[in-house]
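Naming follows writing order (A, B, C, D, E, F, G, H, I and J), and every chain is counted from residue 1.
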Amino acid sequence: MISDRSHVTQMIIAAKVAKGIKWSQVAEAVGMSKEWTTAGCLGQMTFDKVQAETIGKLFDLSDEAVAWLQIVPYKGSLPTAVPTDPLIYRWYELVNVYGTTIKELIHEEFGDGIMSAIDFSMDIQREPDPKGDRVNVVLSGKFLPYKSY
Amino acid sequence: MISDRSHVTQMIIAAKVAKGIKWSQVAEAVGMSKEWTTAGCLGQMTFDKVQAETIGKLFDLSDEAVAWLQIVPYKGSLPTAVPTDPLIYRWYELVNVYGTTIKELIHEEFGDGIMSAIDFSMDIQREPDPKGDRVNVVLSGKFLPYKSY
Amino acid sequence: MISDRSHVTQMIIAAKVAKGIKWSQVAEAVGMSKEWTTAGCLGQMTFDKVQAETIGKLFDLSDEAVAWLQIVPYKGSLPTAVPTDPLIYRWYELVNVYGTTIKELIHEEFGDGIMSAIDFSMDIQREPDPKGDRVNVVLSGKFLPYKSY
Amino acid sequence: MISDRSHVTQMIIAAKVAKGIKWSQVAEAVGMSKEWTTAGCLGQMTFDKVQAETIGKLFDLSDEAVAWLQIVPYKGSLPTAVPTDPLIYRWYELVNVYGTTIKELIHEEFGDGIMSAIDFSMDIQREPDPKGDRVNVVLSGKFLPYKSY
Amino acid sequence: MISDRSHVTQMIIAAKVAKGIKWSQVAEAVGMSKEWTTAGCLGQMTFDKVQAETIGKLFDLSDEAVAWLQIVPYKGSLPTAVPTDPLIYRWYELVNVYGTTIKELIHEEFGDGIMSAIDFSMDIQREPDPKGDRVNVVLSGKFLPYKSY
Amino acid sequence: MISDRSHVTQMIIAAKVAKGIKWSQVAEAVGMSKEWTTAGCLGQMTFDKVQAETIGKLFDLSDEAVAWLQIVPYKGSLPTAVPTDPLIYRWYELVNVYGTTIKELIHEEFGDGIMSAIDFSMDIQREPDPKGDRVNVVLSGKFLPYKSY
Amino acid sequence: MISDRSHVTQMIIAAKVAKGIKWSQVAEAVGMSKEWTTAGCLGQMTFDKVQAETIGKLFDLSDEAVAWLQIVPYKGSLPTAVPTDPLIYRWYELVNVYGTTIKELIHEEFGDGIMSAIDFSMDIQREPDPKGDRVNVVLSGKFLPYKSY
Amino acid sequence: MISDRSHVTQMIIAAKVAKGIKWSQVAEAVGMSKEWTTAGCLGQMTFDKVQAETIGKLFDLSDEAVAWLQIVPYKGSLPTAVPTDPLIYRWYELVNVYGTTIKELIHEEFGDGIMSAIDFSMDIQREPDPKGDRVNVVLSGKFLPYKSY
Amino acid sequence: MISDRSHVTQMIIAAKVAKGIKWSQVAEAVGMSKEWTTAGCLGQMTFDKVQAETIGKLFDLSDEAVAWLQIVPYKGSLPTAVPTDPLIYRWYELVNVYGTTIKELIHEEFGDGIMSAIDFSMDIQREPDPKGDRVNVVLSGKFLPYKSY
Amino acid sequence: MISDRSHVTQMIIAAKVAKGIKWSQVAEAVGMSKEWTTAGCLGQMTFDKVQAETIGKLFDLSDEAVAWLQIVPYKGSLPTAVPTDPLIYRWYELVNVYGTTIKELIHEEFGDGIMSAIDFSMDIQREPDPKGDRVNVVLSGKFLPYKSY
């Protein structure tokens, strides 16, 4: 009996290591970007029936698990408020060091409002560089102005 | 007597509002990107002598304040571990929702290591869109592999 | 020298008590709802030039303070993550007790996404009731579906 | 042996996904609102004998589980003080951004006291809107004046 | 300029020590219980005009401070979530050790609901005892049943 | 193998729901007050041999569990520092709102010291009231003066 | 105007450094142990009139400050829940490492109850030792048995 | 398979209750003080081979558990940073109330440094007293001066 | 089914105690330093295929566990933000006491930037000393200057 | 009136920036290492009379400030439990990632005990490296074995 999406996430992760599947292969099979697909497999997004069944086959999931993939999950992928993992911490550090800068510059350009984290996409690419390759990340979020009423 | 960079940040913010200066104007005067310049004015980066004096003139800062702009600051721009401001929170939410996804995809491409937040740059642009303009952010950080020894 | 919107909020609160002004009077003068106007006076919303000057006159604010009212503030009105004030705590309790219920019902109706807190309005009214009057609150937020990509 | 209402909540959630039941169907069977019924199924409210047995049949619960549904639960549905799930967080954000506003306006209308979270009801509806449908939530809580003595 | 009730509380406390006034004297002058009056002077309750002026005279408060006493305060009298003061901690300990007991017994007697902390009174008395005098505290709170709808 | 009193508490709670026993019946069987007996059953007090065996019979506990009832437990009945359950939170709120008042009044009557939470008793009763019944709680704790030396 | 005992503590500390007074000299003048006297000067104990005046003379305190020394303070001398100072942390570490041991041994000897921190005294002495002198601390607290009722 | 010393601690505690063994008996068998022996059994100290085998026999532990007793454990015996158990809390309260006093007096006698919690011993005794027996605790820790270099 | 690297870490630790293997032996077999090898075995580093198989043989791990050793782990080895173990706490204390010193001196020598914790190595050695042997630790981290752009 | 060492630290920092003094110059004047001297100037160590007067002259401190430099300070140099500054965070990350490794290796070599943070010294040097200079840090702390008794 599965009572929590995180159980399905654990099944996927265990099967992924055991079978040596890559996230980019999963994304290709699902027909979506590798960023969105991975987030979904890690329990943060909701798949439709066809996508869920594709993933179920790739990872040998039960019907019950495939049903859970189609349910909106309780989101949040980190075990602590301040992440301990060095790679993820660097992102938290960006928010901490650049947070007020990002706020100032978006407000200077757009006025009061936010950059949506829902109508949002992300693209992660390797950028070759003779001094050492770089990780290039493009974030695109709709600007939502604060409503006055 | 100034004993803390945050005092200089407050002076700059107060002068900016009083004088109606834009961050992009400061960046142009300093000759650097608006992202790095704003982060520096908000107390997160270190200016060289010429840059500090330019900023000092723009904001009518004292010599002591200009000296402080050339000292490496104690970084971190947010008052709480989980930010309360909605715009900045959305970025924290991205780290929370997409954190493990980012980790998986960077490791899949690069192996064990991190995306540097030090050898790093950021570019924030308006992306016109008929369904509502978008905020487009490009993050570029050098990949640093974990050393084994 | 004002380096923080919270100083302006304190000036407004102090003047409000000293002069005995009501929030509904401020709202009427500004020409907006009492909910949005109060939130703005308490440092959570951004006023335009005319609105800010109206408020400045009502509360005898300096030009510098009026300029600050037109700057997007760092939002968040509570001093602790879990509020101690009994009235505000009851709202936190609603989120705590009903949070998963709200999530389930919105997802059942709309699918994956959120109820916007930005494209949002609130209306607070007294509802007469022989067993004791009630507070009636209507919240209206645009549904934003999660983007898949 | 069940020693905690949360086990019953997990059984209900697991059965709901496995059987594809909707909360509105549960509410109809129980004869109460969908908001209160869902909160009860998620472990926040107490059912009477008939209601509990109805729910037991819908979800194939054991007699012991049905007995637990009639016991007042230890309430609180969220795993962290500041919720990580984006939909629930938006409500927490409302409390954070609008908390002092709500407090001011209720006190302006009613004087010192609170809006009850116990003698309370909630109604969540879809509000069609050409610019994108909205979530409309009506909260109704009895005003309880502070007793002086 | 007073922008916060806590300033008035500090004035009252300072004047109380300087003048050697007792809380029971304040209560007598105000004509209310010593428990409610003290809570009000410590910034937790709202006084009416006559009460506020009486207190203003006793403690030589300014007109502005007297106006503040008539404004509903932001409540919560403790500087930390877990109190450090031994006397107050013992009460926190009671909640921690007896919390679930109190919950069980009130529910056994009354069903689901709460004991109001708003329609509430408290009486603190010395109970002479040959083995050492005791503090006797009577708490009386209206039972509020959870509404089902 | 039982290595923790909380396991015994879970057994008692599970058996209580399954068998429909009331705390007042347990108290009568044990021959102590319902407050102390319930606190003991919930893992906060230590029973003597006879009491433990009585409870063991009522709830069909193993000998090992009965032995654990006679061991002083690690106390503290709440899962979080600030309780989330509305009934228990109201008590935490009392400590938060009235904490400094209680402190002032006990010191005014008794001088420096505390009200014991160890040499302590509690009595919870229903107080009929035409405007709605009240919960009446009497707390009695020995006053312990601070020793000077 | 003094509204808080901590101001008096700061005055005493500042005067102590400026005048080069030792705590043992203060204790001798007051006629109490150096442990209790120091705790009182650091804002944790209440002095009687004669003691307070003696201390007032030693440290050149104002009459208002001397009055404050006779008021029961809000206790707790540390700025964080887990102390950062190495000397004080070692004591916190003792509680953390030996806490359950102390609990077991006191209960084994005395049964359920506590060692009082109110009817309590402490004596700190240098114990000469050829391998390096030792700090010898004797703690004496009355055992208080838990009341059953 | 045992992967954590805390499992061995749980086995010892369970066996101790089941067999009715006293800590003083364990200490006698091991030939060390009851304080050190109990701390070791509770997972805070490291036993040598002979000691571990003695304890293994007393509590019927497996060879694997006996091996674990000889491994340096991850120390810290309390489940929360601020302990909830009343007996242990009183010790935390001592650190909180007397922490700065202890610091001042040790520094006055010894200069800058700490009282070691490693080269440390503790002795807990009953001190008969006609007004109620007392718990007498002697702590002895080597003074370690801060090195300057 | 293994869904988390921490399970593999527990298997290694359990096997290490059961078999009496030393970390230096593991390091020798793997052909890397004892510091890096131990960190890897404790779930902080990623092994290549040959290294993982060597470790798998030493500790009798399953193929699935060996596969997990080659996956980049979620890092962070401590159960609490402030460590409770005395040995590890001393390192946290170094960061707390010397943190600003380290920052000042590295910035004085190198300018703005950090000492890498990724391109990093550590060497722990015993340093014989007649007054008591010392632990000698050499940390070497690449200096990474902050990029300005 | 100075009531806290941190005021003296602020004076030193302000004067250092205003006068452009280097920590290595201070160390040379004091005749101690740059690491210990800087820690002392930043409020973590205690200077003797001659050292304090030297520092007082360098930074134009008052006699009262110089007296404070000779008083043992309340230590801990960081404003938050988890540091936000990137350079200092990397050290916290080392403790988090390598903490259990350091513990294992020191125990493997020395048995149960700690590496002293009191009888301790630190040396920070630039290590030239063609691939980018490195920060080389040598930590030396006396091993202190846990006492058994």
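Note that in this section contacts are C-beta pairs under 8 Å (C-beta built on N, C-alpha and C of every residue); 3 or more make two chains touch, one makes a residue touch a chain.
Nothing here was measured: the structure is a model prediction, and the numbers come from that model.
In summary, the chains found to touch both subunit B and subunit D are A, C. Comparing chain pairs A-B and H-I, the larger number of C-beta contacts belongs to A-B. Overlaying subunit E onto subunit J using CA atoms gives a rotation of 145 degrees, to the nearest 5.
Same interface as H-J, judged by over half of the contact pairs sharing residue numbers, among the pairs B-D, B-I or E-H: B-I.
Annotation: 48 Å between the Cα-based centres of subunit F and subunit J.
In this assembly, the C-alpha centroid of subunit D lies 53 Å from the C-alpha centroid of subunit J. Rounded to whole angstrom, the centroid-to-centroid distance between subunit G and subunit J, based on C-alpha atoms, equals 28 Å. Look at where the CA atoms of subunit G average out and do the same for subunit I: the two points lie 41 Å apart.
Of all residues in subunit H, those that touch two or more other chains are 35, 74-76, 78, 81-82, 84-86, 93, 96-97, 100, 103, 107, 113-114, 116-118, 120, 144.
Across the complex, subunit D is touched by residues 22-24, 34-35, 38-39, 42, 44, 75-78, 81-83, 85-88, 90-110, 113-117, 120, 122, 124, 126-127, 129, 131-144 of subunit C. Within the complex formed with subunit J, the subunit A residues making contact are 82, 84, 86, 89, 93, 96-97. Considering their complex, residues 10-11, 13-14, 17-18, 20, 80, 82, 84-86 of subunit C touch subunit E. The touching residues of subunit E, counted against subunit D in their complex, run 32-33, 35-36, 45-46, 72, 74, 100, 103, 107, 111-114, 116, 118-121, 144-149. On the side of subunit C, the complex with subunit B involves touching residues 1-4, 64, 67-68, 71, 74-76, 78, 81, 117-118.
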